[in-house]
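So that you can tell them apart, the chains are marked A, B, C and D in the order they are listed, and the count of residues begins at 1 in each.
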Amino acid sequence: MHVRVQEEPFDLGTEVDQFIRIQDNVGAVVTFSGVVRDTPAQDLDAMEIEHYPAMAQAALEDIATQALNRWSLADVIIIHRFGRLTLREAIMMVGTAAPHRQDAFAAAAFLMDYLKSRAPFWKKELRGGRWEWVSSRTEDAEALARW
Amino acid sequence: MHVRVQEEPFDLGTEVDQFIRIQDNVGAVVTFSGVVRDTPAQDLDAMEIEHYPAMAQAALEDIATQALNRWSLADVIIIHRFGRLTLREAIMMVGTAAPHRQDAFAAAAFLMDYLKSRAPFWKKELRGGRWEWVSSRTEDAEALARW
Amino acid sequence: MQILYFAWVRERIGVPKDVLATEANTVSELVEELKGRAERYQIAFSDMSSIRVAVDQELAELNTPLAGAQEVAFFPPMTGG
Amino acid sequence: MQILYFAWVRERIGVPKDVLATEANTVSELVEELKGRAERYQIAFSDMSSIRVAVDQELAELNTPLAGAQEVAFFPPMTGG
């Protein structure tokens, strides 16, 4: 299990590559990456992610452990950034490695649903010179119900 | 849409990186990679993938088009190898880029289910000096029913 | 006890944390106590359905007991990922 | 018409392809015709539930008509991905 909460940008390709390289005997690897995208009005200048430092790492490790207990997985990686991000930068990634694809897919979707509603990070967007907190989506909270 | 059927190995990290880089405005990228894994008896020496050259590219493009029509996706990539592969090498990958994660996840799982049962590739394993065709799994054919 | 605030809860209250001695038995009682401190707390906690809470870095509920707790954090619904 | 064979179907029949003029109206009729050619065809096509077919590079069924078809391929269930 690899969990990192960091301010520095990370290179998705490098992380995916390394994650696969350290696996011993898996048939399937699924990765998800969340990327800063523009607003419909195309006025996004920056994103700032606030986090709860004392809780964030432990919360992500707990979510990863739940996934490892629930599916037949060889490994899990979660990287989540905080601080200032610009358009197209990777916000976070999760990766799951498993003998079979169904486990890898289900665990990655589970990790994302949990991360969205249970990991202590808050996004703020700078749009046309004004900072605004991103609202949580009702569907994200509801997505947990399926697990 | 990017579809490649090739004999040469490909570097998963590089492909994932490039796929993300060419996207304009997506929030979510999901990738799946299938990797050659050992048999339970740990006697796998090599894998050989036979394909139907005149059909393979078109079949993958058709599956990618179905995914693009069905979900709100910005882009799809499919790479599938044929020929001789060794342990831990990437057999194939799919990638989906979308504004929202649910579309990216569902489309990637759909692509894999279709690829497994509808793309003209056949795997053969060299185990302890003997070549054996990999049997299709009933669950793979059944997996199509959910779409 | 340390009380931490994040995101717009922190902005409305105006400070990232308070340190206080409290006899509140539950998160709910603590919220009531905080609301008595100043109007900005009342505003921040006016709609508790939009507030989430963690006790000692674990997600908790309004009726979670505070016995032995060192740190309580209040924040909006999370928007990570 | 070109008839292609892949994977163990190719191995059992012993050649990767046949070129023949046929009056078969459907895939099924073509299979019966092929089975008449030699025992190895009979063996390869003995259990049609484990055979898949494509007509002009599109997945097809046993009752798919062959009118105008240029290429028919027979192979086991696919194991890509």
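The definition used in the following text is that contacts are C-beta pairs under 8 Å (C-beta built on N, C-alpha and C of every residue); 3 or more make two chains touch, one makes a residue touch a chain.
Predicted, not measured: the structure shown is a model, and the values here were computed from it.
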Labels of chains that are neighbours to chain A and to chain C: none
Mean-CA-position distance for chain B and chain A (Å): 23
Between chain B and chain C, centroid-to-centroid distance (C-alpha), Å: 48
Multi-chain contact sites of chain A, meaning residues that touch two or more partners: 34, 101, 112
Junction residues of chain D - those touching two or more other chains: 81
Overall pattern in which the protein chains touch one another (line/ring/star/complete/other): line
Every chain pair meeting the contact rule: A-B, A-C, B-D
Residue ranges of chain B in contact with chain D within the complex: 34, 49-52, 54-55, 58-59, 80, 91-92, 112, 115-124, 133-136, 140-141
Contacting residues of chain D [partner chain B, same complex]: 4, 6-8, 54, 57, 59, 71, 73, 75-81
Interfacial residue positions of chain A with respect to chain B in the complex: 11-18, 20, 23, 25-38, 88, 90, 99, 101, 104-105, 108-109, 112
